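By letter and in written order, the chains are A, B, C and D; residue numbering begins at 1 in each of them.
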Amino acid sequence: MTGYLLEIGQALLALLLAPGLVGFIRWLKARLQGRRGAMPWQPYYDLRKLFGKEVVMSKNASWLFRFAPYVIFATAVAVTLLVPLVAAPLPFDAVGDLLAVVYLLLLGTFFLALAGLDPGTAFGGMGASREVTVAAIAEPTIALAIFGLAVGAGSTNLGRIVAQTLSNPGAVINPGHLLGFTALFVVMIAETGRLPVDNPSTHLELTMIHEAMILEYSGRYLALIEWAAALKLLIFFSLLSNLFLPWGVATTLTPGALGVAVIALVVKLAALAVIVALLETRIAKLRLFRVPELLGVSFVLALLSVTSSFLLR
Amino acid sequence: MNSHDTFFAQLSTLGASVTLLFGVVLLWRRSLGAYIGAFRWQSLVLSAVFALVGYYGHDHELYVVAVVLLALKVFIIPRYLKRLYQRVGGEREAQPYVNIATSLIVAGLLVMLAYAITRPLVMVSKLPTRGGIPLAVGLIFVGLFVIVSRRKALTQIVGFLVLENGIALLAALCTYGIPLIIELGVFLDVLMGFLVMQVIVYHIRDTFESIDVEQLNQLKH
Amino acid sequence: MTFLFLLFPSLIAAALAASIRPYRALVGWVNALLSLAALGAAVKFADHAARGGAAPVFGPGELLRADGLSALMMVCVAAVASLVLFLSPGFGRESQYSPSQLRRYQFFINLFIFSMLLTVSANNVGVMWIAIEATTIFSAMLIPLTLTKSSVEASWKYILICSVGIALAFAGTVLGYFDFVTLSGRAENALNWPVLLASAPSLHPEVMKLAFVFLLVGYGTKAGIAPMHTWLPDAHSEAPTPLSATMSGVLLAVALYAVLRWKVVVDATLGGGYTNKLLIALGLLSLVVASFSIVLSRNYKRMLAYSSIEHTGLMCIGLALGPLGVFAAMLHLVNHTAAKSMTFLLAGRVLHRYHTTQIKGVSGLLKTMPGTAGMLAAGLLATIGLPPFGLFISEFALIRAGFATGRPWLMGAVLILLAVAFVAVIGHLNRMLYGAPPEGVAVGEKGGRSLALLSLNVAALVTLGLTLPAPFENLLNQIVRIVSR
Amino acid sequence: MMTLFIVMISAYAAGAPGALLIGRGAFGRGVAALGACAGSAAGLAFGMSAIVSGRSFTLVSAWGLPGVDLMTRLDGLSAFFLIIIGLLGLAVAVYGYGYSVSYERRYSLRMLGAMLNTLLLSLSLLVVADNALTFLISWELMSLSAYWLVLTEHDGAETVRAGVWYIAMTHAGFVALVAMFLLMSGGDLTTSFAGMRANAAVLSPASRNAVFLLALFGYGSKAGIVPLHVWLPMAHPVAPSHVSALMSGVVIKTGIYGLVRVALDLLGGGPVWWGGVVLGVGAVSALLGVLYALMEHDLKRLLAYHSVENIGIILIGVGAGMIFHGYGLMTLAALGFVGGLYHTLNHATFKGLLFLGAGSVLHATHTRNMEEMGGLIKRMPVTALCFLIGAAAISALPPLNGFASEWIVFQSLLEGFNIPKPEVAMIMPIAVGMLALTGGLAVACFVKAFGVTFLAIPRSQEAEHAKEAPLSMRAGMALLALACVALGLAPFAVVPVMGGMLAGLGRLPDTRMDFTLGLSLASPNGFAKMSPALVAAGLLILLCLTPLVMLLLRVNRKLRVSDSWGCGRIGQTPRMEYTATAFAEPLRRVFAELYRPAKELTIDFHPESKYFVQSIEYRSEITPWFEKYLYDPCLWFVRLLAATVRRLQSGSLSAYLVYGAVTLLILLLIARM
């Protein structure tokens, strides 16, 4: 029972933390660029404002346009129920494994892209086309990263992976592990639409991907989508941190352990946020048709990681 | 083998070689008239050979065959050929596919080939006439060669008749002739075949205004 | 006695056609009905043979004989003959031929049929030779029924090539007889097939080898075996439709029958190996030539002719594949007879409507003459060996025989060649069936009678494709017993 | 049992001539549909009951005709395919009733109905055949009826060409199959499969390999593996849509059935490289299939290419199974085969659904070109919903059936590390990568397909005035849509049954226990767990909960409909929409190496100044790789041979006579040697 409660709890925690994470990165970037920038908790205000506003919908759009935000949000939340944020293994482990997680996120992308096409504007179509392109090319890397982890842990279920890694810490520093981490990091950047793949803070049609798709959204729908995007970022961060360096994740459901776990989670997220922020201030956005090269590199890394984990078995 | 047989053997071989000779003559001449003449002489010799074999082989059927052959190939068919020749106009074998000299050489080769091929027949046969067998087969080949290498429909008919003669000679030499009834049937066929060919040659003349088979190449592929 | 019923009707018919002048439609009817008598006689023989009865003989010196093999051929010939006679020109008032032409036609076609029947019922191989030569002569008279350049050319090529070939076959016959004579003296009945066969084991292999070469090349020319097939596309495409149907349907088979007769004798002397090698070689060559010629053929009658060559090659290969193969080949022969006679007659209808033999000139057949189109499609699909038609089963059995006798590579080649022909024919067929008909071509089906008659062929093909009637099977087994002893 | 079988056969057998006789009009179509419906319903029930009872038994042995003895036998595998046939046949028959209305007095409905029933009959016979003869006869019957069905709309040159290509490819396959069976049975085709099994066991390795390769070619040409796939994108679009559904859903699957039947059952498995070959072929087919699909703007051609892709995925599963089988890892082998076959079933449902959907669109807009569609979701909502379900399913999105089966295939590949040889095991991650890429591209492709076809503004008058499909068509689609959802939610029920069904084939164990019947689907040795049902439940709860919470939090629920925002320009025309071509452009650039696109851009400027553009025309087509580099050379070669042979018939009489003479001399000389 406590297990299920914990699941709900960590989902709520994720929902709570996600906007903050985004805000924190923005703030950090602003600081690194020498601007004052908005406070980290600015996104919460934005969400509240959006929820307060009325929706303006294109007259070309159909029911799908109104249905999509819920699906996107639901998939994101559902994934948070599967990913071990603070504790592992959890009862929902048997519900979905890493593959399920990936394909759930893909489901969200699917509807997001369709919603982008629905109003029939050029921007929406452009965004959708680019989004699915990037997603498609990122797939193999993800799959191989999963393969590497699965081979290492003897399972694709997240809880098992975490537990396995905790049980032999030596695995963390083996090359396969590190390569896998790097590969998945690149994919994370592509999937969550950060620099250098996509610039979350631009509205220039030549460069934007995610923003172009949701251009037609407003009000509560936009709020849901933004929130879901933030959740996605958080999910990838926590996947990276907890799958590859799972220390701090509670294996026993004692309040103490859980407390430690929450703190550890926040710390890891912050650390990754710093890394991302630093990256984004250092490098410029890639041309769209250079992105496949980047992902190709990540694919090679993943392949190497799998190979090494084969050879080191 | 007694002297009587050796004489017979020499005679038959002589007859065979003369028959073959006329076949070769065919290759040597150009005008259709000469062709017909050569064929007529050849048939004459052939019937003589039949009579000869009949005499020495004590087979009276062969006299009948000889007579029929005489009538058919020395008188009837040549006459028709002549008329045909006059009707369709005396075109010469101007330039055959193979020129005369080569033709003669080829004929020689063919005869040698015949010797090579008919070796077993000569081995097997116990008849005094066996010496002529290769010549008969050679005549068959020569007849074939005439048909192949000449381009006038009329010449081809003559070539065909020579081929027939060769077969008849073969029959005479290696088996003293096949059963009479068959032989007669064969002659009937030869006659009818010849007549039909003649008819068709007239058709060719009517539709193509010439009997040069060169122009018979509309149907292809 | 039955032999008279078999042979005389066609003679009487010929006489009738010759005597009654000018030609009257009545003659056509009478001759057609007369042909049924021959068919009846043939069936009687077949039935007798299927029951395993001893082969009846007839005439002076046992001139005629009807064992299982002959009986089967008789049935094929007689059946096709009456089919053709019923579908001949000159039944109705109007016809594209003049009365004199019709008279000539009736005269020669009946003689032609007579000589074919004589061929297959002859006991004496010499008589057989005479009869086959006669078929050439009579059919050659028929080809230029209407005097056109192409028909004359075709007939000349036909008669010259075939006469030469047949002459060679006669040389072969002489050699065979010679070998017999040198062995056991002269005898009147020496050329009778059973006698020949009885003494065959003691004949000289060397001589028989030579003899068989002459015979194969000679009769093979008539049977349309490559590379002596060259007269066939011309003659079949230029002859009047009923004649080309008969030639393609049975004449080739009859010539093949002659080869088969001699093969049996030669095998008795030298064992199967030698003849089989030759047959397979030439058969495969025919397959190659035919199936690749179909690919580029532009003329549908020529296409049909090539397909006949293809099937002859197939039968040759089958005859060389032991008992199973002979069974398959004979079955194939019957099927091919049914299919080819039908398709040629249908092609004649198409020609009559479209006035062209070019494939690209014929389009939208399904729209202009649906019945003919449907049956033509059925016939062609049958010829390329699709179920549920008989040729599927027979080709199948043939391939199977090949594998059973351990010739997988040969069969692989055969399968591929058949596939090539298959695709080519389908392509040509589609080009004719579909699309828009050229203007000036009348739409609508006429002449239901002939279609009704031809549907008999379809029925036969389908029956043979789905089952093998017991008596027929017995007959085939009898033949196998005769051929591969 | 027996009665069901007889009902099935007789229903089809009655339907065919019935349609042929009555043919036209509502009644005729009804008869045709009724025969097909009854037959496939019976088949469905038959297969179900058999597979649940889990026994395999001889139905009829040596029935019908002397000389040709047909033998039929039903085991798990046959039952499974009977179910597929029945399910799809049912939907297609219902759908066809409505769809074929538009054929009245244009094409031969008699032929259509008759051939449809014949096709279903031959399919049903095919999967229960128990000797080579029965198999081959029904195989050929199937090919032919499909051929006539493809030629239904025979007045298009495109159609006839497609028909010829189809029959050529399929006949080449048939030839290979004949040779294969003859090799395997040692010449006698009437031996039952049991006898053949015994015979195959004693064959030499070389001939076993030959049999396998022949089977791969023969069945591959039917299944449409790369590079034998060329006929699919030609034949499927031109066939009537419900026929395309049947062909893509079932007919090409007979290739899979045959391959499994021969390689696994009759040959009893083989060396590892067999599996490797199958896996490789599968991976390549999957990837190339989806890549070519992406570039298609003809809705039905796009779907046809996706059939190639999914056949590839199926073969990946089967191939993995064969590899494991080669190493004696039987449980994993079972996993692979289950994955492949499960995907076979799933593909049958969603591809059938998609083709039916495409058919409705075609029926409404009279075009297959996506660039002329759009906005159909408002005009034909049911079709749109069904198509959306199909699209999500084929994109392997949870919780639909595509996801379930692809998950199993993935799992079987992930288990590759159990293979003792690392160099062999390294195949697996590469396959995983290709499979994943295929999945991703499939998503992209179906976003395009659905988005451009159904969303936004109509791009043409036809699309503007499109009407929803009639009831029967909607019913057919709905049936398959339900099947997609059900099969997606309940793999835990399906998979164990399939495990049982495969038991005994090629010494496979009964893995019913390894696939637990619990709610969550677990791969063997507890490698991974997943429960689509629960995922679906979760999603559903969240979908309901979110609005509820928003309601409670009193968020603003006002909604104003207005123009879509476009940088201040007024009014929006269809020409401003993103086209399918534009949508696929990024991927076209990414994979330019493969496509080798030939672009041409023609701009004609205003005569006055080149700053005023009057019109811009952009055309770009991709090189059909296989036609160009594989088939054209073959055709060229055949034509070359033909031309050479042609020269024999030169028309010169003397030449003809020379042939004869030379032959005579040569043979005589040979005889003397």
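By definition in this document, contacts are C-beta pairs under 8 Å (C-beta built on N, C-alpha and C of every residue); 3 or more make two chains touch, one makes a residue touch a chain.
Small disclaimer: the values here were computed from a predicted structure and weren't measured.
*Asks:* Note down the smallest number of touching-chain steps it takes to go from chain B to chain C.
*Replies:* The fewest touching-chain steps linking chain B to chain C number 1.
*Asks:* Which contact partners do chain C and chain D have in common?
*Replies:* B
*Asks:* As a test of whether you follow the contact definition, which chain pair has the most C-beta contact pairs?
*Replies:* Contact tally peaks for the chain pair A-D.
*Asks:* Compared with chain B, which chain's mean CA position is the farthest off?
*Replies:* When every chain centre is compared against chain B, the largest gap points to A.
*Asks:* Averaging only over C-alpha atoms, locate the centres of chain A and chain B and give their separation in whole Å.
*Replies:* Taking the mean C-alpha position of each chain, the two centres sit 101 Å apart.
*Asks:* Please tell me the distance, in whole Å, between the geometric centres of chain B and chain D computed from their C-alpha atoms.
*Replies:* Taking the average C-alpha coordinate of chain B and of chain D, the gap between them is 70 Å.
*Asks:* State, to the nearest whole Å, the distance from the C-alpha centre of chain A to the C-alpha centre of chain C.
*Replies:* 79
*Asks:* Centroid from C-alpha atoms only, then distance chain A to chain D, rounded to Å. What do you get?
*Replies:* Roughly 35 Å, centre to centre.
*Asks:* Going by the contact rule already set, what residues in chain A reach two or more other chains?
*Replies:* Within chain A, no residue touches at least two other chains.
*Asks:* Hunt down the residues of chain D that sit against at least two other chains at once, touch-wise.
*Replies:* If we look for residues of chain D contacting two or more partner chains, we find 646, 649, 653, 657, 664, 668, 672.
*Asks:* Please list all residues of chain B that touch 2 or more other chains.
*Replies:* Residue numbers touching two or more other chains: 117, 120, 144, 147, 213, 216, 218-219, 221.
*Asks:* Go ahead and list every pair of chains that touch.
*Replies:* Per the contact definition above, the touching pairs are A-D, B-C, B-D, C-D.
*Asks:* Sort out for me which residues of chain D touch chain C in the complex.
*Replies:* Those in contact with chain C are residues 65-68, 137, 140-141, 144, 151, 154-155, 157, 160, 163-164, 167-168, 171-172, 175, 178-179, 182-183, 186-189, 638-639, 641-646, 648-649, 653, 655-657, 659-660, 663-664, 667-668, 670-672.
*Asks:* What residues on chain C touch chain B, complex-wise?
*Replies:* Those residues of chain C that touch chain B are 61, 124, 126-127, 129-130, 133-134, 136-137, 140-141, 144, 147-150, 152-157, 159-160, 163-164, 167-168, 170-171, 173-175, 177-179, 181-182, 186, 188, 190-191, 204, 206-207, 210, 233-234, 237-238, 293, 296-298, 302.
*Asks:* Any idea which chain A residues touch chain D in the complex?
*Replies:* 51-64, 70-71, 73-75, 77-78, 81, 93-97, 99-100, 103-104, 106-107, 109-110, 113-114, 117-126, 128-130, 132-133, 135-140, 142-144, 146-147, 150-151, 154-157, 215-216, 219-220, 223-224, 288-289, 292, 299, 303, 306-307, 310-311, 313
*Asks:* Going by the contact rule at the top, pick out the chain D residues touching chain B in the complex.
*Replies:* 646, 649-654, 657-658, 661, 664-665, 668-669, 672
*Asks:* Applying the document's contact rule, which stretches of chain B touch chain C when the two form their complex?
*Replies:* Listed in rising order, the residues are 117-118, 120-121, 123-127, 137, 140, 144, 147, 153, 156, 160, 163-164, 166-167, 170-171, 174-176, 178-179, 181-182, 185-186, 188-189, 192-193, 196-197, 199-201, 203-204, 206-208, 213, 216, 218-219, 221.
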